[in-house]
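Below, each structure is written out as structure tokens.
Note that subunit A is present in both complexes that follow, paired respectively with subunit B and with subunit C.
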Partner chain A sequence: MDTFIQQIINGLVLGSIYALVALGYTMVYGILGLINFAHGEVVMIGALTALTVIKLLADSGLPGTLVVLIGMLAAIPVCMALGFTIERVAYRPLRNAPRLAPLITAIGVSIVLQQLAMIFWGRNYHAFPPILPTTGRDIGGAHITDLQIVIVLLAAAIMAGLMLLVNKTRLGRAMRATAENPQIAGLMGVNINVIISATFLIGSALAAVAGVMVSANYSIAHYHMGFILGLKAFTAAVLGGIGNLPGAMLGGVLLGLIESLGAGYIGDLTGGFLGSHYQDVFAFFVLILVLVFRPSGLMGEKVAERA
Partner chain B sequence: MLEVRDLHVSYGNISAVKGVSFDVAAGEMVCLIGANGAGKTTTLKALARLLPAQGAIHYRGHSILHRPAHALIGEGLTLVPEGRGVFARLTVAENLDMGAYCRRDRAEIAADLDRVYGLLPRLKERADQLAGTLSGGEQQMLAIGRALMSRPKLLLLDEPSMGLAPIMVQKVFEVIQSVAAQGVTILLVEQNARLALSVASRGYVMESGTITLSDTGPALLANPKVREAYLGE
Partner chain C sequence: MRFTAKTISLAVASAFVVLGCGKPEAPPPPKAEQPAAPPAKPTVTVKIGHVSPLTGPQAHLGKDNENGARLAIEEANARKLEIGGAVVTFDLLGEDDQADPKQGTTVAQKLIDAKVNGVVGHLNSGTTIPASKLYHDAGIPQISPSATNPKYTQQGFKTAYRVMANDEQQGKVLGDYATHQLAAKKIAIIDDRTAYGQGVADEFEKAAKAGGATIVAREFTNDKATDFAAILTKIKSKKPDIVMYGGMDAQAGPMAQQLKKLGIKSRMLFADGGCTTEFHKLSGDAGEGHYCSLPGLPLDKMPGGPAFKEKYAKRFNVDIQLYAPYAYDAASVMIDAMQRANSVESAKYLEALPKTNLDGVTAKITFDEKGDVKDAAITLYQAKGGKWEALESIGGGAPAPAQPAAMEGMGGMTAAPAAAPAAAAPAEKK
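Right, the complex of A and B next:
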């Protein structure tokens, strides 16, 4: 097997998932200037909700792909309701508070959600039932499963749809206007609260899809999966330039590639001293490098702004 | 059209507007002049519901004191804020679309867009350019054009001449006068007292949070106190 091509494939799959989650961070940051640290937990709740439905239907005789689709369609509204509620209950009352207050609240919400998930779903790892086809194809000595192809294509389609929404629709225009200057957007008749809620709803729907993708791809889900995944997606958003949507997508894919290639070669590079389970190191290494050398990220703020 | 009675606005415990009363009748162009820090912007922001205020504000017969800011543009009350407030990262065309955000009458919006482009041809040339790349004068034109896209009945203009070269000031005022000629009621805040008083039918003079003088434009232009304090004579 060709390690390089295989790691590129794995990186693209992982990167597509990071990108979907990173979009949720970056959209909320763009509009509220807030890092919604609870976003990773929304992904986790999406994964576990879907998995619960999938397990219920696993022996129903329905085709596996359909069962997973139903699980995803169940997780999406649950996550949207959750994201909407988080904003209303935890962030909106702090809209005019000093920036540190909503940040601490976000961490608090994250802990609460994790504990609730632990109470509800238990401490155990939940295995994804083996109901999806395991077929795949070989490319240049590497292997890609049909599931991985679907993950990449679905993520790409969702992101294309999001870009259309943001750039071509009335809602998207209002979101961009609000991100730039909420007070003036309000003068134009935009109800800021509606736009903020819409942002949380959209970001949470993407999180639900990403949650199902991760658990299907790794065949596992658990109550603390949101923490590290959230941190990595946040890294991807920062890498691309937080607040910038194309940046989040680029950052996600790049981070996925860096991680996969890093994990693939770390053994060779360190003479076997470090193994591929050190994969997580790369994300945080990237985060530190970006914060030190280019805090505005790869695509952060290039527009000329005159008085 | 607009009746303001005993309006008080404060920032924390700093009181910036201390009981001002004035009227703007339908079809009028009224100006509010005063030195830096007199409270003009604060007054306009209170009218646009961007700042909490005490007193009475009646617009077209109804109190708007407790209306949310985003509800006013749909009722025809539109503020062109100090410093223009164009969306720098949106294109010129998108900025104009934002002005019509509350409207659903597509055909009429398209007609109004043609009208705005006719009035401000420079904007048409730059329709697809990001607003942040426009010159200051072009941005002011865009801010006015965007406000016109809402079909305002009462237009509040906060220092449209600020930071512009004399020739551009001239152009902006020509636009304002042609908007007024179409029947839009205008409340104009200006530092450039000479220009404002020469185009407005009536004027109010504001000093440290209160209105100290009110008269017709020509009478204020001839008033010795005004000439001394605001026209540099």
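Right, the complex of A and C next:
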């Protein structure tokens, strides 16, 4: 039983990180109908920027939690600026181009960012300094660190904040209007360029937070880390219904749980026929099943509205 | 052997020009090489390919290998070797296979098309094995510094050589060590499903079973993963004495950390892929007490280790990661064979390769009939105070397991280079 609870905890932590990154994909898709493949790289830049700041301050005698917070606060504006620039340079000129063009551009931006990060931060892995308390608590024989609790709670809080923003504020209303029909929204007095930039700014800020979480939890950052993370988060967004905010959250958590339980039990369930290397296969199998029965994802009813 | 600043900069510049990477810090190439040599001696340029992952998660190891090979080639160029009556300039064509088997064959074909006379590489077993078929068909000698999967030299390819002990030897040493010295009864094994990781884990499993241990879990991850919580949680429930991981440092470090976070007290065992300085950076204090094995001797116990370390630091201004001395030796073996055959033609110096008898940086290098290095040493280490501390060396002409004896054994071997008069100029030693 304690193993099972531990696997659930593992899945929740992993899933919260996926969810946070997935939000970035889903926000941009919801408004532009564009899959921003560079989003994983923004997460990576956020992680490496924060890590650089954290390393500078690691020996300053400040409490570890404060140092990480400063690192995160430093990474957020960097990522926001990056997200803004990506949209201005790579996506805006192609807004009325065929849909394939921005998709290819997105992949191109992703490669450029990766290589730039490789030149800037080097090929080596960067270790997260051991400044955060490693204390934790036991729940029914399972172990969870304080950091992991913070990750899960912070992800949930950000999600709640984002829902409030989108559903209750003026900016949110404008975002929803733009998502529904940019031309009409423009005619109604919504400055869609501002709204789209705002979407990228918010998504990139979330990416920075996610980047810090990932590198703090796994104590590692690398110029290549955004690729797999981005791919998984994209999967989570599709699973939940791309374009739908709660869907991204649900998809992320679900994917984390599936991977964790898959890796933990698939071997025993199949009598050793399939091992834990099938955890991704398992996750994608679930994705295919969901897409067969609900082509727009678990919560993605609105997707078909955008042409 | 003395280098003038000019020859080095010439060699560096020409290497960069060939690579086309035009690093800003490289000095401007002082004209092309051909007109720079007015004497009657003809000059030839010999292309040597080098392949390793220069991007992706193993880029740090890949660059390390390339640096090692580059150092050997720059030194050979500085010596202005005469082969077949012409002064030879070696060009290193560094290619990136991204540690991906598909990419490995693509760049192998690219090198073959570029008409290289030999290939140093690849780094990973998974890329080396499929590429070796292409090199074999093209008749191009290939010396891998670090591909340790036994299959590489078991395919019957006359062109395939390696300068490092293979996983059969390494897995066996690790397995014996786990069951005898560490007295492990219950063992969990994880591998990254690459040709290397799987190979070494399988060999370890055989040896551990033969030693009387029970394998309580066999789990898998991949060479890009960072999250191991799920498989480690499963392993925790089986309460193993030892957790063995077959894979590279980028996974081994975080894995050690997650092991500690989950409250698993078992020690871990790694093969050479986890046996790096990077491991300590990535695992922090969670790395303490774990074990690893490395083919060959510790760098400072290698016959040419300390001198190589100094040269490397001076030239590249970074620390050696892992296999650079082997890449250096692989390139040196190739150049040595060309000298002995007095030809840079693949077919001709290939005949000379089996008779290699070279005092390399890592060991005295001789090959068996398959192309594996003979009598290769394997050393076991334990992580103590953020460093790998050598425990004992096995093989390599050092039957006594104690370290001082191993040192003497190696020292004795380096004293006999004159035995092979045909072997002109052994690897650089200052």
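Note that in this section the second predicted complex is superposed on the first by the 272 of 307 C-alpha atoms of A that agree within 3 Å, B and C clash if a C-alpha of one lies under 4 Å from a C-alpha of the other, contacts with A are read in each partner's own complex, and residues count from 1 in each chain.
Keep in mind that, in the parts below, contacts are C-beta pairs under 8 Å (C-beta built on N, C-alpha and C of every residue); 3 or more make two chains touch, one makes a residue touch a chain.
None of these values were measured; they are calculated from a predicted model.
**Student:** Once chain A of both complexes is superposed, is A:Val13 in touch with subunit B (first), subunit C (second), both, or neither?
**Tutor:** A:Val13 contacts subunit C only, not subunit B.
**Student:** Would you check which partner chain A:His143 touches, where first means subunit B only, second means subunit C only, and both and neither mean what they say?
**Tutor:** The second partner, subunit C, only.
**Student:** Considering only touches as defined above, state whether A:Val190 meets subunit B (first), subunit C (second), both or neither.
**Tutor:** first
**Student:** Scan A:Asn181 for contacts with subunit B and subunit C and give back first, second, both or neither.
**Tutor:** first
**Student:** Please determine whether it is subunit B or subunit C that touches the greater number of subunit A residues.
**Tutor:** C
**Student:** So subunit A touches subunit B in one structure and subunit C in the other; where do those two contact lists coincide?
**Tutor:** none
**Student:** For subunit B, which residues count as touching subunit A in their complex?
**Tutor:** 48, 50, 68-71, 73-74, 78-79, 81, 83, 85, 87-90, 94, 97-99, 101-102, 130, 132-136, 139, 146, 150, 163
**Student:** For the complex, which residues does subunit A have touching subunit C?
**Tutor:** 2-3, 6-7, 10-11, 13-14, 115, 118, 122-125, 127, 130, 134, 136, 143, 145, 214, 218-220, 222, 224-225, 227-228, 259-265, 267, 275-277, 279-280
**Student:** Give every residue of subunit A touching subunit B within the complex, in rising order.
**Tutor:** So the residues of subunit A touching subunit B come out as 170, 173-174, 176-177, 180-181, 183-192, 303-307.
**Student:** Given the complex with subunit A, which residues does subunit C contribute to the contact?
**Tutor:** Residue list for subunit C touching subunit A: 54-57, 59-60, 62-63, 193, 218-222, 224-227, 229-231, 233-234, 236-237, 249-250, 253-254, 257-258, 261-263, 278, 281-282, 284-285.
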